[in-house]
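Here subunit A shows up in two complexes: once beside subunit B, once beside subunit C.
The block that comes next holds the complex of A and B.
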């Protein structure tokens, strides 16, 4: 048994390594702006990978994942800011910043996870919704977070030993983002394919049966939340480095919903799907924006469309995918016949609760 | 002391609107056992129709009627042509579709009507009466109070005193058994949606004149507050929603008045967290609703 698991883990780690090297190599083909976008995609991927486990495997709907990213961003900004004041720089400052991000995001995620362990679907969703709404208030009330303007993040220059290789700061930031994403997501992939993932699915499928099988649903849910929060926090730290600022406006409800859209469209519970979703939610808004500006619409209409058209498209995709294509994109690409037969099978033995209170 | 009385009075008025919206969440919970995250966006659609009717005819009352009718229609359409398509084994797909619906409706409204806030006039004066030198409720607040109490009474009568209400409760609690006993379960659920989104439209229509104006996002905060209230009172209890609404309204008003407006969302969050952790089913909820 252990041999199987370890070989599977080795496979995941090897695949992650290969993908990381591939992404690092790809940065040489991209211009500065594309590299910046790659960094943002990697940051969002950190958050969506955790969220897809949370929603897809344990069935906990978090509408506040942007807040966990913000926690990571603020944690990084505070710790790196302190380190900068103490005249630290380079890898030490970066490490302290990441530590700050992990501590803050993990702490908040742990608290939310404890709440989530006690709460059913709509209650947890509502609690996290209230949390997102309250984020600007926190930013303006807690001293040191800088209110609506947010905090600036120490600039992370290209280190001297890499300067001959890399051609821009954006590329260096993309490297940081890709490496951090690899570190954040690989453990999640290992968790998902191992015993922990099995326990999460068991809790989602039937909590009473899971408990009879000796699983503590509360602990599984809390752990899933903490794992997702840590990963999202790392994503927030990366985003803070790439944008050099962290403010509550960047982590509003719309962004939280965008993360959910990415996860659902990619396919709930699939890490690959989370990656596809992350690419989609970063690139589609930019694509639609360039499209609407290039068509030459009247200024008034263009102003109304900007920002809203993207939300409209994402909302429609969210509904369509959930109703028509419940597996998401990852399911669709996993072989048509396989997915069709799997879907037919699932239709026939769909779980029907005995009473509605069971939900 | 004057300040306290004033804050309590405004809190009461604000709380009643929240309570009314929370009632709509209670209705849909009782009728279909779901929390409708799209409630606010659906209500905003109805209020835009009401706004157009009021603009065209100059009558607030016609607008009010239009809001109720459109709200009910939107509820029926969403239930028939969207929610029924969603796999209903677990609550998760329903919630995700509702969130998608919020995104669609809000962005469509923003595209059609633009981002600006459209002011709406209240049908009664918003100047508060003064009693012994202290400003208390305005005529408009009294109107909201009467409407809220009327809706609670009517709903209590409907759910507890009529065959229709019994059938609605039965189809929500035990659909199979109800069907066997001859209740038309799908129709009851549609009816619950219509009733719920009608009440929600009414609540948002009453809210808008007291706020900046009508906008696609006018009811977002109201939804969060109403959700807090519905959880506080228990999603099953109309009177709990009423009491919870007033409590939350007064809490927001006191925190805003004494500690600053910035702290109000945090106060709501703290209240919600404490209630959810101490009694996950709500303070007024019946014990049997949730195990573990």
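The block that comes next holds the complex of A and C.
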């Protein structure tokens, strides 16, 4: 049994390693702006991966995942800011910042998880929703967070030993983002495929049955929440590094809901789906904006569409995906790959879930 | 169970792709040092960009600025451009949200390759890209905010302010208050950031540290100022200075009127534009509510002035006759100053040449006093003229104050004359 699990874990780690190397290599093919976008995608991926686990596996609906990202961002900004005041720089300041992000996001996630374990369905959604709405007021009332203007984050320059290899700061930030995302998401993938994942599915399936089987639903739910919060917090830290600032405006309700839309479109419970969702969240608004500008619409129409068209497209996409592929885009693609590889390898043990939440 | 499917064949392909990518990347980075043309400048165009609140809480007060700037550039382009190049102005919407500003400004610099960023609007928004623009050595001209943060040539050599900063405006209003309303209680309602704090500091230069009887703040994310107005009322304020954006100036005046509180209002230029306030308050009550409303300005906006006449023509011809207000004059003033700087930067403008022109002090602009740029000073206007609303018309009262160090002195305005149809030449 142990052998099977460890080989599975090894497989996941190897795959993550290969993907990380691939992403790092890809930064060389991208220009500065694309690298910045890659960093943002990686940051959002951290959050969606945790959220997909939370909603897809344990069935806990969090509408406030952006707040957990903000916790990571503020944690990083505060800790790295203190470190910068103490004249620290480089890896030490970065490590302290990440530690700050993990502590703040983990702490808030833990508290939220404890409350969440005692709440069901819409009540947890309500609790997390309240958090998102409270964030701007909280940021302006608590001294040191900088109100609506936010806090600036110490600039992370390209380290000297990497300067001959990397061609821009954005590429360096993309590297940081990819590496942090790998560290944040790989444990989630391991959790998901191991015993913890089974317990989460059991709790989601039937709490009473799970309890009869010796599983404590409260603990499983809290742990899932903390895991998701830590990952989201790391995402927030990455975003803070890439943009050199953290402000409540970046983590509003719209962004929080967008994260949820992203994991549903990508496929609930699937890490690959979370990646697809993260790419959509970052690239779709930009693509639509580029498209409307290049078409040459009248100025007032363009102004009216700006910001609104994206919401419309996300809404339409959500409806389309849920109707056509209830399992999300990742399952739709996976199903196609599966039938292809089955034809090649004469194997058809692939399971394509038909419901919204994979159990 | 599924993340990605890596068959042995795929894995082999992955390795090949990764190796290829690294190789290409190394080659690219090795030959990056080649001679490069100035970004944003081509044979026949100069491309500049900006970030503006076209949507969101600040849109209603400021979205017309960039349209006016574009209209003036269209006017210049229709008359042959600058050194044979037409000016292209890319406007990006950031919704007055610093997180969006980050993204759109990167897009402007790294994807659209703009020559300079012009008139980026807002203190919280623009602060978030200040480091980025200076690290990338992009001229960051005429920031649309009165924060003193833009005037820091040592730390931010590429950034130049434009507005009379809030210290200048705050001290001018406070001086006017103590000249015209001696012995009255002066209070201040300010935005909960640099804007409010700097105005307060400006007022304290004149009135002393205890001179402001009450200081209340608001946040842009909360559209209710009843508590703050109530506090000002119970403190017995007779003059209320406003460090507010247009929307909140209107909100403050409206809320106070409902509570039967009628102090003398004195607003900064960023929140004291009469036509914009009328849009918020409604045409039926605005003239009455805003009678005697004091503000400051440094741009030519007297209804019968030659600049306003020209700008109105441009507005009718190139901006579809959009409503004409202080934002229009501001947007076109910025465009005029940029055109002047570009003309003076020579036949083949570079980013360095543009910054040199500004630091040389040659740039005059079209205000009631010349622009004050030098190598040590990156702030635009160092003086402000007092305006007042009377019978539904906002105009200069003739009093102008200049802030030099810690002293405020009344000066004679020296309006820059309109020459060459308002198109600057070298």
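By definition in this document, the second predicted complex is superposed on the first by the 333 of 359 C-alpha atoms of A that agree within 3 Å, B and C clash if a C-alpha of one lies under 4 Å from a C-alpha of the other, contacts with A are read in each partner's own complex, and residues count from 1 in each chain.
Operating definition for what follows: a residue touches a chain if its C-beta (ideal position, glycine included) is under 8 Å from a C-beta of that chain, and two chains touch if they have at least 3 such contacts.
Since we're looking at a predicted model, the values are computed, not measured.
In the superposed model, A:207 makes contact with subunit B only, not with subunit C.
In the superposed model, A:305 lies in contact with subunit B only, and not with subunit C. Contact with subunit B, but none with subunit C, is seen for A:123 once the two complexes are overlaid on the shared chain. When the shared chain is aligned, subunit B comes close enough to touch A:257, but subunit C does not. When both complexes are overlaid on chain A, the residue A:316 reaches subunit B alone and has no touch with subunit C.
Shared-chain residue A:28: touches subunit C; no touch with subunit B. When the two complexes are overlaid on their common chain A, residue A:140 makes contact with subunit B and with subunit C alike. Comparing the two interfaces of subunit A, the one with subunit B and the one with subunit C have residues 136-137, 140, 303, 308, 351 in common.
Residues of subunit A touching subunit C in their complex: 12, 15, 18-19, 21-22, 25-29, 31-33, 36, 40, 136-137, 140, 147-150, 152, 155, 165-167, 169-170, 189, 193, 243-245, 247-252, 270-272, 286, 299, 303, 306-308, 330-331, 334, 337-338, 341, 351. Remark: subunit C residues 1-7, 11, 14, 17-19, 21-22, 24-26, 28-29, 32, 54-55, 63, 67, 93, 95, 97-100, 102-103, 106-107, 110-111, 123-124, 127-128, 131-132, 135, 192-194, 219-222 touch subunit A in the complex. By the touch criterion stated above, subunit B contacts subunit A in their complex at residues 33-35, 37, 82, 85-87, 89-93, 95-97, 99-108, 110-112, 114-115, 172-175, 220-221, 224, 227-228, 231, 262-266, 268-269, 272-273, 276-277, 280, 288-292.
Across the complex, subunit B is touched by residues 55, 59, 61, 63, 115, 118-123, 125-127, 129-131, 133-134, 136-138, 140-141, 204, 207, 217, 253, 257, 260-261, 264, 300, 303-305, 308-312, 314-319, 322-323, 326, 350-353, 355-357, 359 of subunit A.
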